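The chains carry the letters A, B, C and D, assigned in the order they are written, with residues numbered from 1 in each.
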Amino acid sequence: MKTLRRITLRVNGTAYTGEAEPRKTLADFIREDCGLTGTHLGCEHGVCGACTILMDGQTVRSCLMFAVQAEGAEMTTVEGLADGDRLHPIQQAYWDHHALQCGFCTPGFLMTTVEFLNDNPQPTEREIREALAGNLCRCTGYQNIVTAVAAAAHTLAAATGALRETGAAVPVSRATGVAAGPRKTRATRAAPHRARQTGKPSKRRSGPKR
Amino acid sequence: MKPAPFEYHCPRTVDEGTALLARYGDDAKVLAGGQSLVPLMNMRLARPANLIDINRIESLAYIRDDGRALRIGALTRQRAAERAPQVAERCPLLRDALRLVGHAQIRNRGTIGGSIAHADPAAELTAVLVALDGEVTARGPKGTRVIAARDLFVSYLTTSLDPRELLTEVCLPAPPKGAGWSWMEIARRHGDFALAGVGVVLAVRGGKITAARIGLTGVGPTPVRPAEAERLLTGQTPSEDLWNGAAEAVRAAVAPDGDIHASAEYRTHVAGVLTQRALREAWERAREAA
Amino acid sequence: MSTRYTGARVTRNEDPALLCGRGLFVDDIHLPRLAHAAVLRSPHAHARIVRIDTRRARAARAVVAVLTHADLGDLGGPLPRLIPHPALVHHKTQQALASTTVRYVGEAVALIVAESRYAAEDALDLVDVEYAPLPAAVGLEDAVAPSAPLVHEDAGTNVCARYTQRVGDVERAFAGAPRRFRERLVMDRGTASPLETRGIVAAWDPRARLLEIWDSTQAPIPIRNGLAAMFGLPQTNVRVVAPDVGGGFGPKVMMFYPEEILVPLAAQRLGRPVKWIEDRREHFVATNQEREQIHDAEIALDGTGRILGVRTVFLYDAGAYCPYGLIVPIVAGTTLPGPYHVPNYHCEFTAVFTNKTPVSPYRGAGRPHGVFVMERLLDRAADGLGIDRAEIRRRNLIQPDEFPYDVGLIYQDNAPVQYDSGDYPRCLARAAEMIGYADWRAQQEAYRTAGRYLGLGVACYVEGTGIGPYEGCRVTVEPSGQVFAATGVGTQGQGHMTAFAQIVADHLGVTPRDVTVRTGDTAAFGWGTGTFASRAAVVAGTAASMAAAAVREKTRIVAATLLEARPDEIELADGKVFVRGVPSRALPLGEVAAAANPLRFAMPREWEGPGLEATRFFAPPRGTFSNGVHACIVEIDPETGMLSLHRYVIVHDCGRVLNPLIVEGQIHGGVAQGLGGAFWEKVVYDAQGQPLTTTFMDYLLPTAADLPSFEVGHEETPTPLNPLGVKGAGEAGVIPVGAAIAQAVEDALRPFRVHITEMPLSPSRVWELVAGTRRSA
Amino acid sequence: MKLEGTNTLPASVDTVWKTINDPDALRSCTPGLKELKATGPDTYQATLQIGIAAVKGTYAGTLSITDKRAPTHYKITLEGTGGAGFMKGEGSVDLEPQGSGTLLKWTGDLQVGGLIAGVGQRMLGGVGKMLIGQFFKCLEERLGGSA
């Protein structure tokens, strides 16, 4: 009954081959056979979104798929977002806006944000909140994640020159009364050594578009 | 929460799929999007000995408009249908209902056929199919047959499909041009199962309702088509009293179960409230289209 | 000490690794020959174990071990009892594996270890257990009824403790009081539900006699101490690491969970590392829950709305066992008086065993209940006396010049409840101003004429934080110039690696990025208590400050020798050590560190030892008391009972704020958990004690689409109890949410005369309340 | 999951009483019953496969008839444990002569525990009622009761 199969998956541009039973979920194969532990398991019944990855540019719950189903597809996980030490603009925005605390749900939110901003480059706050409703977080209360997604939308739009005059609805952080865009000035930059692209459009590495 | 072992089969054609179903009978389950089945497998509530993964049967993913109805391949992803221009144009009720099915990650994998075959008592698509008098095509050992929506849904998670049959196509008759439509549901959170949901289509001419279609979900073991409420609307001039009358008729037509999230009385009550609000919106849209 | 970084909005050191998928959570640990465990749990709420037959399971493919109680030897006794209390007569704890009786659905009965988690779960069905079901005591009030089935036969009662605290003469106050109002307030069960469930990896090296444990705990050091005692090992031979922990919120400070004994035992017996990761369904039955209390409370006031006395008699659900003392009910009772003068107070609770998952603190740990009762009593009194709800609070607030203010009660740390500092009127005024309280009535009227039902709620609280006994910190400057700080608290996302780095950086003239903070590793720092009761920043933060200050002085002494100057002439800034006024006579900090550890020649006696390193401990005399006010505006659709949250304002005072970015994040997360407990989350058991909410499809965590943006206002009234002036902030957000929401919903539905006396609510329940008053009107 | 119902049956009280005690009737009317072996007077060993669509559980247990007051009243209990948890169905039946036929009054309760109770609450109420209803409706149909 328990016959092992050779399974080869392409994750973040690299091919991984492993022996697994057909019942091994895509999430477990990525974590154990590919050694990419950035994708996390929070519920294993498709609600919390911590296991969200990109498959051919689309977000999927990797706990609701079997590894054997993903052969031939191009997967992107959180480990594939940064370019060496240079963070993806979305990762940078999450860092700038304290959009993570324990970090367990963060990979799922990042992959969801990549697809969402691909589909919807100039989102309103309501659109952002609804897009993020498929990922649960218990630490942040979501506010800083919403602010970070809006900021990333700006950075990406500026980078791709797509920022129309109207611009996206800039979510105003009422507490500080300051446009909660990329708040370079607000947060004290205490990181001399952190390589950070400023001004120059960063090479946006995200999953291949559909 | 790891699934029990199973034999994995991955047919490339419908014939291959039905042959596998014929061979393994009722100890086999079809895996389409998996968004409902795999959670049950991870919890070991469902332990099929054979899993027949139809995701590689490319021929089952399509959306065609045959002039009368939209013919949607069973394997069409919900997200694709949600964004398809033909759906927006010919059957906006389906598009609006799809937007409330779980979340984008779920709809990227969940399929139109899978949701119908799974027949969750609180699913959106089953109520849309019933409201539009849709039908499905199934292929099995005895060949191909077409099942009307009213004969398809039997009980909780149970349809009249034979375990050896593969649902291949969902057919949704397009409402007449300019008809008003509305999908409304109440759920505890964005994307949750509906406590109650209603889809309404109103064909209107000369300020009168020429045809009314209503489909409800979350208010019983299967989707409900309140015939009396539809009859009451047909041929009438829209008014708040008319909407109230239809809401009362809907309340009489449903017999929901209570659970920890909402009592039976609450579901019955909001079924009426939602019908009233959906009729109002559908009528607005019909007037705009006229 | 400069305050360039302490108090600044510094982005976190922890984030790059977590953002790139390089976090190390317990489930991310892979070791060679790692075996995987699964736990067989009782499906019955109360039953005798007649027979266990594990032969089929032992014979199964890929199974390497099966443990039942019979295999535990002297580890089979009741697990350790924490925080004993004289009133806790029946301090019952469970066994690592049940021997004769199971007392809640989910209690551990057997452990299976196999080559994979898949194979271990396959084998669970092969263990044949014959149970003889017994009647279960499930409802809190049913469990104290005389006829109730006994959860613990030998106790002879389901009451595990009764305890009363009193101030003044309540009977006399009530007898003479012009106005009295009484309420029955019910709060249902909730659970923390961190995104990461619990998990343990254990590895045993028989040659080095070293037991290595990775545990998703909030208190690694007490876990190490307990395991060392249980396994008869020197403490130095047991290393417990709490790596990245995916949220704790209280249940992960509880110890000892059965798996924390079983997994190390299995690893030792097998000579292979063993990993157990709790799945979500297990988490809903096997990880402690909290929140269930029923209060019968009364308030006595004079005609002007001044409080003469308050009393509450309440039931507290302890669950099937009572491992964590009486912390939650004591905290509830001592939080109730809040920021008000309560001259006469009587608080009496009965802790009750029920056949449900055991209870221990969850974020707030009783504080939300104390605030809910007090604020609901004040709202009732305001309406009864015709006084504005904010005004009745204003009239009873403790004034800024009354500190330290002795409430007259004993807190959870056995110290007097003495409010150290605060400005309560200022917080209430600022919250009222931010929410637009002054012109709310007019706005509300306008909405009502448009057929919309909006309501405003405001709630005040004071919370005990920063309690002892102590925490410590060791700060070391390494020859690279990088600074390393180690402390014993655990971290679950609170940003300790940044907040402590800010404190240390300011002492040593480096940047927070140059400071690496290691928490939760008993090999890095072996003394400490753990992370709970909003104390880490206060107690460990102060220890870090003291240690860093000591290293600063040592650096000046060593540099004085090298730069031929007096220590008091030496300055530290920008990673350099130099003579004040002569910046050219300078050395990089790392060089001073290298010089401080000479390989040759004599080491000056005044250096008192090598290296730039110091360890300090801080033991606060008693807790610090933060406070705050929440105000919110909600809208209710009376037809459907649906609630939408328009605005949520938080004004809070936690003394000196180390990092506003992090404190705001703690507030946002706390309010979100509070809102979940007010409208979405409820753990439900049926009459037989079967849990009905064991997935996220039925236990509903609020999502981004359900919550508003929060508006946070900081007030900073430093505390005199520690040199940093810091108070705790971790639990603040969750505490008054239930009270504020109840008042707002009631205010919105005033035309329907709905009265809210329970938490959580739901659309169905709100509609029933509206329909109920409508029918009886 | 409590349910109750009444039905007027054309058959006499004695015929009804015989049928509702007849193992064959019980075997065909108990939903999902695969095997019923008598192990004593009015006690049987039962194997059931109960479930809906993909969610099927095999339960091994006992079926017993107790509290017999021939020919007008008895209590029927069905208990089973399986991988998906355990279940206990209890029913009581009261017969009264009504003209030449019989008035059958029944109550039914289904308690479910373990895995299925914890996960399936959303549908358990409805499914429970459906199973109880099927059992008594089948008995009524065997006795020519109104469908």
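Points worth noting:
In the analysis below, a residue touches a chain if its C-beta (ideal position, glycine included) is under 8 Å from a C-beta of that chain, and two chains touch if they have at least 3 such contacts.
These numbers were taken from a predicted model, which means no experiment stands behind them.
The interface holding more C-beta pairs in contact, when A-B is weighed against C-D, is A-B. Inter-chain centre distance (subunit A to subunit B, centres taken as mean C-alpha positions): 31 Å.
Subunit C and subunit D have Cα centroids separated by 49 Å. Centre to centre, using the average C-alpha position, subunit A and subunit C are separated by 29 Å.
The distance from the centre of subunit A to the centre of subunit D, with each centre set as the mean of the Cα atoms, comes to 53 Å.
Multi-chain contact residues of subunit B (touching two or more other chains): 1-5, 43-44, 189-191, 193, 260-261. Shown for subunit C are the residues that touch two or more other chains, namely 118, 279-281, 684, 692-693, 695, 697-698, 703, 705-706.
Residues of subunit D in contact with at least two other chains: 83, 115, 119, 121-122. Chain pairs that touch one another: A-B, A-C, B-C, B-D, C-D. Taken together, the subunit A residues at the contact with subunit C in this complex read 2, 21, 23-24, 31-32, 35-45, 47-48, 50, 77-79, 81-82, 87, 91, 94-96, 98, 100-107, 110, 125, 128-130, 132-146, 171, 173-175, 186-194.
Against subunit B, in their complex, subunit A makes its touches with residues 1-2, 5, 21-23, 25, 28, 44-46, 49, 52, 58-61, 63-66, 68-69, 112, 115-116, 130-131, 133-134.
Listed in rising order, the residues of subunit C touching subunit D in the complex are 43-44, 105, 125, 281, 284-285, 684, 686, 688, 690-695, 697-698. By the touch criterion stated above, subunit B contacts subunit D in their complex at residues 29, 37, 40, 43-48, 118-119, 121-122, 155-158, 193, 221, 257-261. Of all the residues in subunit D, the ones that touch subunit C in their complex are 81, 83, 85-86, 111-115, 117-119, 121-122.
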